[in-house]
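Naming follows writing order (A, B, C and D), and every chain is counted from residue 1.
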């Protein structure tokens, strides 16, 4: 079967938990589960689907599959396994994303110029790395915490790339005039739109961020825990819907400069934005390209593929604003970590559940929520030493924080303190809008 | 004398303050003083100096002189003087900077394509506006506060453009291979560099921003006053000096990617930065282009013409960081509004005064200080209604806040809560570095 | 075997030539032979090799395979077969190259964004078209000459794309840091470089161009036959060699502005040319990327992958010039149509045969020879009516004529009057240098 | 009077011609006359008019005035006057246009960044050069012919820049929303459009080009005289008129891709051409910006400010083509050197004179006529040795030849063999259309 990636076989036996003890974390199982999820995402794709790059911001699926393996090879196997044999000596350069400390890199906009290694080669590369990692993981009891930290980082890194695989694939397929579908959609219960209400939060001092407990994983950008003062505010009870956004468009949202930030207006004019990315109007009604091909727009479902600029303009017309990340986190810290996550395979955002709610709905999953907060270090932030320290800190400029994860985010990957970040003009990510107001 | 702008004659008599009353503000005098300062800046310039535009970010001097007059014509005279006769019907478009609500604008990058109106014409335009404004100002006692607010805004707006005139002129002259001087420098007392010490501030809640009292002027972006929580921090006792920055360069500051934000590194590579803007190394030593032509670099004077990216990289190497704007304002609120301002005509930043100090020196004047804070609305911020509401709010994205004013800022224009903002890559403004650390 | 294209089976029986008559042209055989040659070129390639586009000027192999089929579908099957069923309704847009009269086109720089149809789909598309064409070709005796002309044009068009397939594939593989080989080289007899001599031609009037005889195929740009006057000139006895070009480089050929056309110098500086395209200097010596991977440079073989600008600069240093196309054709008209053509599968240009020669060697095959002639219509030129009239005429500006074919040109495709044309800065085609002088 | 250039006083006495001898050429008078014409063109301009640069292709008037003086300083005074004192040491770099052999150059797109030297400085520079040249010219009897050749070249060079001054000034003024006029137009006799007829020329061999006789001046690109063969052709009796071009527009000339060269269509789309440069349609009718401001379009006058692409598209719709330069020259060689030249100060092209004509009208003056000939060296062409050899030859690529001069060309500057050349997309020159056909 051309283009299929082999299923990773259960490779190491789960440690049997002795009676009456805290069960040791199942490192082998966790590793296998995350790695397998990447392979499963590419299962129905052709070698060509996996090789193409549709824009400099996106990467080929093949590259994602290789780069996530490169991470383990470079930061775990190379560092800890004397005599580790590289699968291919040049992959070190070829699949380095941006780690300057690791050495030379293949330029990002040229990731789509690499017809070889083939998808089959990359599959073999993954197996090669997995087998070596298996040998490492069987000895986790004796591994030092720093190494376990790197392995955990590698797994969370891979989960980030799983979301990117869907993000980038959607962009690629959208550029094809045949508008091919990735997969058919699961049928879901269709809710009508629920009325938007406001949840109020009084002015007070909060702690946000996290200081990682031993064995707990967080990204360095989530720490340290520190104090902020939030003046009183309210959050919308749910995400902005397609139906509401259609009203924004109908009301001249894309033609009224006074609603927009100046830079946003310039970008919107230059790129001729008239609706969210992937929206088209072949006839009287807007449709949008989805992972299941062109579809009608569900007015009750959350709008997404909007930039910070569009989210901000929408909020301005609604006499509201975007929440700050401190406001969002203070609210989310008390909400169950529950939502429309990658594990449900819905491949799209869904309408909010009707009914009365005392906390905001859809905080987790569905779509990433733009905040008005520029991505910046927390007071006392320190990047990790060495190459992995390049993971987060060096992007802390001209980006805006998004919170909460999306339908393409694994549940095991997200939490209240999690900080994602995109440039203000980015639209190809699964980004939507929650309103706030004083 | 070609190219000279007429001195504005005292045009309205200062109101005589009756005994035993609070003297009424001298609106005529204040107007005359600010307007005259603009004219004085251009006094030694040729028509050609005033007509050229050296890059899209900069504007011709002639345009600054006209646009500041346009502001009074459009927001005061047009609105309040029935039958006001425009000096020229097309100036309304020609000298609109970015006020979409006012109507059509001449494109910014084409401001340097306008050989006519000549500098003489613009001079006559200024006189025309001043005479009409004089008639308005003579009746200030009966004017409504909103109009007085607009007049005050117009004067502060003109002061901002006075600083821009020097900024833009310096850029233009720098592009000339003949490296012409604007004016000779005043001799000043040359201080040696003083040692840098740290002033510590404990963790606590602060109020920052201002709610304007009646008759008090602030820009809308400084309000409302609100609470923030600053974790404990320290500020450097003075600005980073040229001598310190030379050490940064010598230590590979421009060649070590690990010191830089990722986007900053890309910009620095693409634009081949090797030193601050205007620095050149014709022989063994760096020199810099100044408003007095090419000059040796004073190691004790503050470094400036650095971008946010350079300021951040410098701080990282120094194991420090940039202050947040809340940290800066909390410290500055208790310092005297004193420094090397435009009124002293020094035309450059000067070395800090030696001696022991319990508060940071050079907070005001000398050079604008980059903060690590993205320019964003304060909680509860509302833009002013109408076209003047476009003044600040619509630029609140992808810009960083600078504080404290420079040697080109009038003292009467600056205060602790004043927020300036430039893009992270901007270098042609008078921007320097103050360090902070936990 | 994924990615292999099916071999086209002999699909129609060759007409048996009755005794004592001129044998009818074997249309079926000729069609099969040309179509099969395209498939054979892609035989060893992976689906990924065939899907990627390395620059806007180049196209994916898959696109070449589809577009050449589209040509027959659009200009033969659609026009002549009532009820012809298209393989896919959207291929008409997807695989149109530039024929405005045919309707909408998919943008050229986006040919590499089409992961689907897959290579397998394109293979099926080819078979679908071939079967339909077979039905047409079995009736060639009754076909009108215009239709036969279109079929012949389609075959020559496909031969042009066969050369482009190698040209574009070479560019793609060259961008891969792994420097993969397309195929290994046949061993050949290695000649040492022969001395360059000059063949002289007296001043006289010539006829150039062709008026096609019935049944003879030429491109419209080769006609009409017309008179030119050539002043006396001499042509070099062979192509410029790599060895000679190395001397040009060593002599500062890429650093001496006086050797270059002004525009050429600007391009060379902007693109940092230091040698022909694909040349690299990993150590002390230049190597070049070839269809067989990185190889040492054979000093006796012709230099190629040079632009018009480089050819012109080389000639200027040699106190010579490039020939005009009239000079070239006048000389070639009397030479045998013989040379290193695609049929020999050498995949590269070869050294000239040693010995005394009275006519220029290597006129045909090896590398396309830049002439100094801009590509222009011959006096009396008329483009063909309809969409095929867009084939040649609309490119007659800012291009330079090349003559003689290359090692990737089929022998059956070339002739003395054949006019190829590239922009002066193009280097990814198989273009080399022959000198001329008065 | 600011901005006025001093009139050059008669500086050297004309040599008295002795009786019975051929009068010696009046070098002083000729020099004075040409130099004075440049000054006269700038007479009514302000310093600002003379300082601005509206696009990289155009230069400031001040630059033209300086560069033409630089030419004499560099190629005559420096070379021949030991101890010649330069007016300013840096002008050598500042006012070099493109002569690589002379040394460093100031970049062309930055000519508009030079506010100093002022227009007054340049005026003094001209006087300085003129006084030195006067000393040279008083000794012409004893000067060697090479030097006299350089002086003559300098005068012709200056005449070329006189035309460019008007060309560039028109572009600058056109970018000003106030649409200022350079000078009012002279009234002229308004002719109605005359019918277009065809003048036929039989097929035959011609000589074109010139071998300069002693004392005769030609540019190097006009030589050597050589043979060409022209197949039979016809030339239009007059230039294409605005009225005819309006019909082309009305007939969809700018929306029908089939009329255009492929590259021309792309340029026209990218730059949104809908009419010749400077044409605007504020109401129901087209108007055009002229040196006298916005004016109605005279349907009988020749169309100009069209690119090669537009000229070619117009010709294609008219079932005609552009003439080759050999066809044009063969016809013009027998026509009187007569037409609407710069000396008449008409500042625009004029309608052809009605009546019967046996030779084409308007061949000289009015507008430059695009030919279909790419600019290339004549057989046997040799560039002049040294820096002046950079005058012509290095531009012989991707440009098209124009013939005949324009209303801005001095009569003493033009002749039948004169070859002008612009890129195919250029529209800011005074370029129009004459049709040809077989």
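Brief remarks on what is shown
Operating definition for what follows: a contact is a pair of C-beta atoms (placed from the backbone, for glycine too) under 8 Å apart; a residue touches a chain by one contact, two chains touch by 3 or more.
Computed from a predicted structure; not experimentally measured.
Touching chain B and chain D at once is no chain at all. Centroid analysis (C-alpha atoms only) places A farthest from chain D. Centre-to-centre separation between chain A and chain C, using Cα means, comes to 47 Å. One inter-chain figure worth recording: chain A and chain B are separated by 40 Å, centre to centre, where each centre is the mean of the chain's CA atoms. Chain geometry summary: the mean Cα position of chain A and that of chain D are 61 Å apart.
Within chain A, contacts with two or more other chains are made by no residue at all. Pairs of chains meeting the touch criterion are A-B, A-C, B-D, C-D.
By the touch criterion given at the top, residues 98, 100-101, 203, 205, 226-231, 233, 257-258, 260-264, 308-309, 312, 321, 324, 372-374, 376-377, 379-380, 390, 394-398, 424, 438 of chain A touch chain B in their complex.
Listed in rising order, the residues of chain A touching chain C in the complex are 2-3, 46-49, 51-52, 54, 62, 90, 93-94, 106, 110, 112-119, 172-173, 175-178, 180.
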